[in-house]
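In what follows, chain A forms one complex with chain B and a second complex with chain C.
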Partner chain A sequence: MTKVLNVASDFARSPSGRYLSDGPNSGERFREELLYPALSSDQVEVVLDGVLTLGSSFLDEAFGGLVREKGLSPRELRNKLVIRSRLDTYVNKIWSYIEDPKNRKH
Partner chain B sequence: MECILSFFTKYRDALITITWVVAALGWIVTNRQSNTREKRKETRAEVDVICKAAAEILVACRAYYADGPGSENDDTRSAQIAFDVKRVLSRTQRLSRKVKAFESAVPAGDEFFEAVTQEPFQSKSREKFGPRSEVLTRVEGSVHNLIDKLEEGFTKAFS
Partner chain C sequence: MGSEAFLQSEGPFYKSALDGGARCHKTCRWRAFSTLTAVKKPSEDLQQWMTRRQRLSAARQQRVSGVQRAKDHKRSVARATARAPLRRRVPSRLRYYARREYRREVELFFEQVNEILLSGRSVLIDFSQVERLFPCGVLILMGWVDEWVHEFPGLLSATYPKDDLVEQMLQHVGVLQKLGLPPRKAVAHDDVVRWHYFHGRDADATPIEPFMLELQKILGEEQQLGLGNCVTEAMINVRHHAYGGEHGGPWWIFATVSKGSVFVALHDRGDSVPGTLLAKPAIADYLTGRMWSAGRGDGSLITAAVGGRTRTNLPFRGKGLPEMLEFTKNYPASELGIFSRSGFFRFDGQESTGRLVSPIKGTLVIWMLKIAEP
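Now for the complex of A and B:
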């Protein structure tokens, strides 16, 4: 079964920041409360369209954090995760954070 | 004189056809040149807008990092920067889909996105940073790179 996560409607229209201490719409909160639990489904489709702005620290913590903090493998995520965005940059960056999570954290 | 008249009489139909073909070819060439000129003008304007916006983001980043997270307009400033970054990325992507020569500007846009919104952007525990700090020199480098790729794309497409 595919679980669809629409970041704008299910989380926030302006996600920002890396950690919980950076604000209520942080990447850490998105990962812990929505993204990681959703990964118990066969497939997860994350829709980014509708989000007003996104930062790399949010994306890195939310998606790179799945590998870094949750121990999931990039291969596993390639099979499970589908990212949808009209802006290719977001999709490219998310996969680069997943493939290379350590080097991306600043 | 008689010779010329007989030539025109003999080849009248062919000459009419040739005249129409030449006129049509002339129209096609002029039209094509005019379209290329228009496309060049539109693309130049778009490149200029993106370059200006990217340079303004650098200025905004310098102001943002010069103040700490406690400043009054901190969230407003970072929201504006993030908004402007997204507009630059969208326009760059649209341009690259319209004119193939701008394809190399897309990875430069990705790098720009990362440099501007990297940690400690939107961090509530960040320090103040000067224009020669690592954070801001990376932003500056990515702005230069994006502008260079856009200019290169334009030269490649229209020279």
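Now for the complex of A and C:
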């Protein structure tokens, strides 16, 4: 079963910030409240279209944090996670954060 | 004791003697004398002498009390003057991102007001001569006013500007209201309403959504998203580096978009870029053998934080400023200016740095992009 997460409608139109202390729409909150719980499904599709901001701190904490903080492997995420966006730049950016070797030290 | 001998004493007593001694209340000796001895009528000369003496005495008392009155008056004037606020005129052009002499004029105004407030005196900020406002100057003004109102409650007042546009703008951003002047204009002028003004304490981008939506209409999704990301990352920089505490600290943003150009100015009054860089132990290697005291290297430190020509590859100050610089380089004729502590960095096709005569509290980022509409 595929779970669809639309960032703009399910979370915030202007996601921003890395940690919970940065504000209500931070990457940490998105990961902890929506993304990580959704990964219990067979597959998760994250839709980025419709957002007004998508800063690197948010993306790194939300997606890179799955490896760094939750201990998921990039290979596992490649099998489970699908990122959809009209702008490929952001899809590539997210996978670069997930596969960043620095994440695996933790 | 004879009457003459007594009459040589002070005048008022003599007057009492002439009245029969009934009013004497100074000495029992006179009372006894006056009741027991018939007073010989003083001669004409003596009476005149006594009258003159009395007048002289009265005149001397008047002189003394006049001096006292003058002293009292002087003291009360001094007290009233001390209570009256000192008037300080805001420069006619409130501009910071400008040539040194313009910037110096604005710096001096803020320094003077701050020094007066620190001395305990009150200040009347006189906006009457302001003819033009620039977003960089208004942001600095708002930072100072917020700080003064918080630290010196009741010591600040202001006059309304004479210029209608200036008043609308200062009312639009709430400066006049903070200084105790009720709003009296309908804010409707295009040159005022086209400016978005945001103020916050954390890195939440929700307040800037109206600006982002306007940008999206003009620039399209991709450019808007890229620009919005730079702004939010700069806000995160402020949250993480300028204000390290749990509750963050205030920042102010001015932004506008018009045909082919975007302007964003961001100001915070937290720790400076050079200050936060120097606080990092690993930066010591980078600084070896250089002079960084008294702010001499601040421009170079800002350049390092931005990832300019002195790139260190150390992620010391977040991604916001480097992303802004990269974004700026993609658009010819665009500019990025960063003022922090005693230095500044500027990119307008070429990188340059400089030193400020008067250090700025916190950081001011000025971003001007020339963007071709899709």
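In the analysis below, the second predicted complex is superposed on the first by the 101 of 106 C-alpha atoms of A that agree within 3 Å, B and C clash if a C-alpha of one lies under 4 Å from a C-alpha of the other, contacts with A are read in each partner's own complex, and residues count from 1 in each chain.
Criterion: a contact is a pair of C-beta atoms (placed from the backbone, for glycine too) under 8 Å apart; a residue touches a chain by one contact, two chains touch by 3 or more.
Just so we're clear, the structure is a prediction, and the values are computed from it rather than from any experiment.
> Should A:Pro24 be classified as contacting the first partner (chain B), the second (chain C), both, or neither?
Touch partner of A:Pro24: chain C, not chain B.
> Touch check for A:Ala12: first (chain B), second (chain C), both, or neither?
second
> Looking at A:Val82 after the superposition, I want to know if it touches chain B, chain C, both of them or none. Which is it: first, second, both, neither?
Neither: A:Val82 stays clear of chain B and chain C.
> Of the two partner chains, chain B (first) and chain C (second), which one does A:Asn92 touch, if any: first, second, both, or neither?
A:Asn92 sits against chain B, while chain C stays out of touch.
> So which bits of chain A does chain B touch that chain C touches too?
The overlap between the chain B and chain C interfaces on chain A comprises residues 14, 16-18, 21-23, 52-58, 86-87, 89.
> Would you mind writing out the residues of chain A in touch with chain C in their complex?
Listed in rising order, the residues of chain A that touch chain C are 12-18, 21-26, 51-58, 86-87, 89-90.
> Could you list, by residue number, the parts of chain A that touch chain B in their complex?
Where chain A meets chain B, its residues are 14, 16-19, 21-23, 52-58, 60, 86-89, 92-93, 105-106.
> What residues of chain C sit close enough to touch chain A in their complex?
202-206, 208-209, 212-213, 216, 221-222, 224-225, 228-229, 231-233, 235-236, 239-240, 246, 248, 318-319, 323
> If you look only at chain B, which of its residues touch chain A in the complex?
Contact set of chain B toward chain A: 78-79, 82-83, 85-86, 89-90, 93, 106, 109-110, 113-114, 117-125.
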